[in-house]
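The following pair of complexes shares a single chain, chain A, combined with chain B in the former and chain C in the latter.
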Partner chain A sequence: MNTTLLAFFIVAFISLVAAWRVITDPSILHAGLWMGLSFVGVAGIFLLLEAEFLAGVQVLVYVGAITTIILFGIMLSDVGEVRVGPEPPGWVQAGAAWHRGLRHAFPLLVAAGFAGTMLGLYTQSGWGQLRERPLELAGLSVGGIGRELFSTFALPFEIASLVLLAALLGAIVLAMREEER
Partner chain B sequence: MLAAYTDVVTFLLVAVLFIAASLFLGGLLRPHHPYPEKLSPYECGKAPIGSGQVRFKVRYYIFALVFLVFDVEALFLYAWAVILRQAGWPALWEGIAFVALLFVGLIYAWRKKVLKWV
Partner chain C sequence: MIPLGYILGFSALLFGLGLYGALTRRNAIRMVMSIELMLNAVNVNFLAFSRYLNPGDPRGSIWAIFVMTVAAAEVALGLAIILMLSRRQDDIDVDKVHSLQG
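Entry: the complex of A and B
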């Protein structure tokens, strides 16, 4: 087994365990932190695919921003308000066994369906045959993306700044209006 | 390219091992003597009031939103910083224009007293 494959299995394992903890951890705040770790694992997979910039995006946006926003959201909401509902009525309890089975079967069904779709896409795309790094990928380093960004795509890049500015102003205006209410 | 990340992996391993070893050795050496006062949260020496998990004011969410925008800005600046030396002056001005536009937003947030910690 070569080093890249070994690294892939380690990183994928960390990511999967973290994702599993996200749905099983009793503390919702810890679940949010586990999600951050899962994202770090995905960044590692991007790195193994030699997509440095995507790995940077993954860490900055997903680990840095999305996880922070979600943790903020958890801290701003009253977690104590989230409670388990009252005892279900008799006719629901009668079908509880069936319901329990369904509750375990349904996520499995969804996961199996998703895995099947991904596998189907993988076999259709012919990525399985890609052993050597394709030539176009050589320009996909951070430097390559930067060079393209500041020559060919200079105008869209500046427009991105305007879009970000609009998002910032919009967030402020909306939040201030909430405040006045 | 991936070989360059050997340093990162080494760094990660050393960091994890250092923390794990410190905690393990500390656990061996320290006395184990817990009592309720010691286990209570530390609030500047006063007896803590209420639960540690309070709901924060919604107002603070705006800090997260402003941070989000500048986080995406940092992402673009990452690609910018990598090529700046070879791309030369045009790229420098493009980057400065990019930052300047977002600086307007920062000034707006500042003037609207969004950044005030209340």
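Entry: the complex of A and C
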């Protein structure tokens, strides 16, 4: 087994375990930190795919901005975790467990079914064994991304900036206190 | 050299985890986090296909950048809505949100 493959397995394992902890960790603040770790793992995958610029952007935007803003959201909303009511009697608990099982079975089926279908498709398509070709010199450079972004993708780029502006205004208006409006 | 299938498998698993989390968790913030995980899996797919099928082409990276832009906008709006909810009804259980019901 060569080093690249070993690095891939380590990074992918860390990222998937962190993603699992995001869903299951009882403390929501810890879940936010696990999410940051998962993003770092994905940045490692980007590095292995030789997309260094995207790995940097991933760390800056996801780990730096989105994780921080979610942690701030958790602290500001001051609710923490969905509240658990007083302990109900035994037969109610059994019913609730059954209900909870049903509640989780269908999403599990959907998620596992989706992942399984995609894996099956990938296996059938023959992409699975495809090896990467070496990048030509001056292949994927930041300059190339920038030139393409400001020529072919100039209009989507401007629209993306409008989306960000609208989201900024919307977030400010939504988060304003009622009496300030 | 990593076979393309491994990377696609990783991203399918990551997306599945995010989907499961987004469907089962009742806490609004945890749902936002799960959606971010799903968007990340999509980005991995974009970059993997771009690297293996079309090496040197910057378009895969550009799509990933657009996905990140939309993710940033989404998380800002989502958290603003969650903040408002937590002020209004002191609870962010998505099952108990009914202000928009007729």
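As a working rule, the second predicted complex is superposed on the first by the 105 of 181 C-alpha atoms of A that agree within 3 Å, B and C clash if a C-alpha of one lies under 4 Å from a C-alpha of the other, contacts with A are read in each partner's own complex, and residues count from 1 in each chain.
Rule of thumb we're sticking to: a residue touches a chain if its C-beta (ideal position, glycine included) is under 8 Å from a C-beta of that chain, and two chains touch if they have at least 3 such contacts.
Keep in mind it's a predicted model, so treat the numbers as computed, not measured.
Look at A:L47: by the touch rule set out above, it reaches chain B but stays clear of chain C.
Judged by the touch definition given at the top, the superposed model places A:M118 against chain C, while chain B stays out of reach. In the superposed three-chain model, the partner touching more residues of chain A is C, compared with the other of chain B and chain C.
In the superposition on chain A, A:L169 makes contact with chain B only, not with chain C. In the superposition on chain A, A:M75 makes contact with chain B only, while chain C stays out of contact range. Of the two partner chains placed by superposition, only chain C is touched by A:M35; chain B is not. By the touch criterion defined above, A:A96 lies against neither chain B nor chain C after alignment on the C-alpha atoms of chain A. Once chain A of one complex is fitted onto chain A of the other, the partner contacts of A:Y62 are limited to chain C, with no touch recorded for chain B. Contacts of A:V110 after superposition: chain C is touched, whereas chain B is not reached.
Shared-chain residue A:A154: touches chain B; no touch with chain C. The intersection of chain A residues touching chain B with those touching chain C, taken from the two complexes, comprises 4, 48, 50, 53, 57, 61, 65, 69, 72-73, 76-79, 145, 147, 149, 160, 164, 167-168, 171-172, 175. If you check the complex, the residues on chain B that touch chain A are 1-2, 5, 9, 53, 55-62, 64-69, 71-76, 78-80, 82-83, 86-87, 90-91, 94-95, 97-98, 101-102, 104-106, 108-109, 112, 114. Touching chain B in their complex are the following residues of chain A: 4, 7, 47-48, 50, 52-53, 56-57, 60-61, 64-65, 68-69, 72-73, 75-80, 141-143, 145-147, 149-151, 154, 157-158, 160-162, 164-165, 167-169, 171-172, 175-176, 178-179.
Residues of chain A that touch chain C in their complex: 2, 4-5, 8, 12, 15-16, 19-20, 22-23, 28, 31-32, 35, 38-39, 42, 45-46, 48-51, 53-54, 57-58, 61-62, 65-66, 69-70, 72-74, 76-79, 81-83, 103-104, 106-108, 110-112, 114-115, 118-119, 122-123, 127-136, 139-140, 144-145, 147-149, 153, 156, 160, 163-164, 166-168, 170-172, 174-175, 177. By the touch rule above, chain C contacts chain A in their complex via residues 1-10, 12-21, 23-27, 29-30, 32-34, 36-37, 40, 43-44, 47-48, 50-53, 55-62, 64-66, 68-77, 79-87, 90-93.
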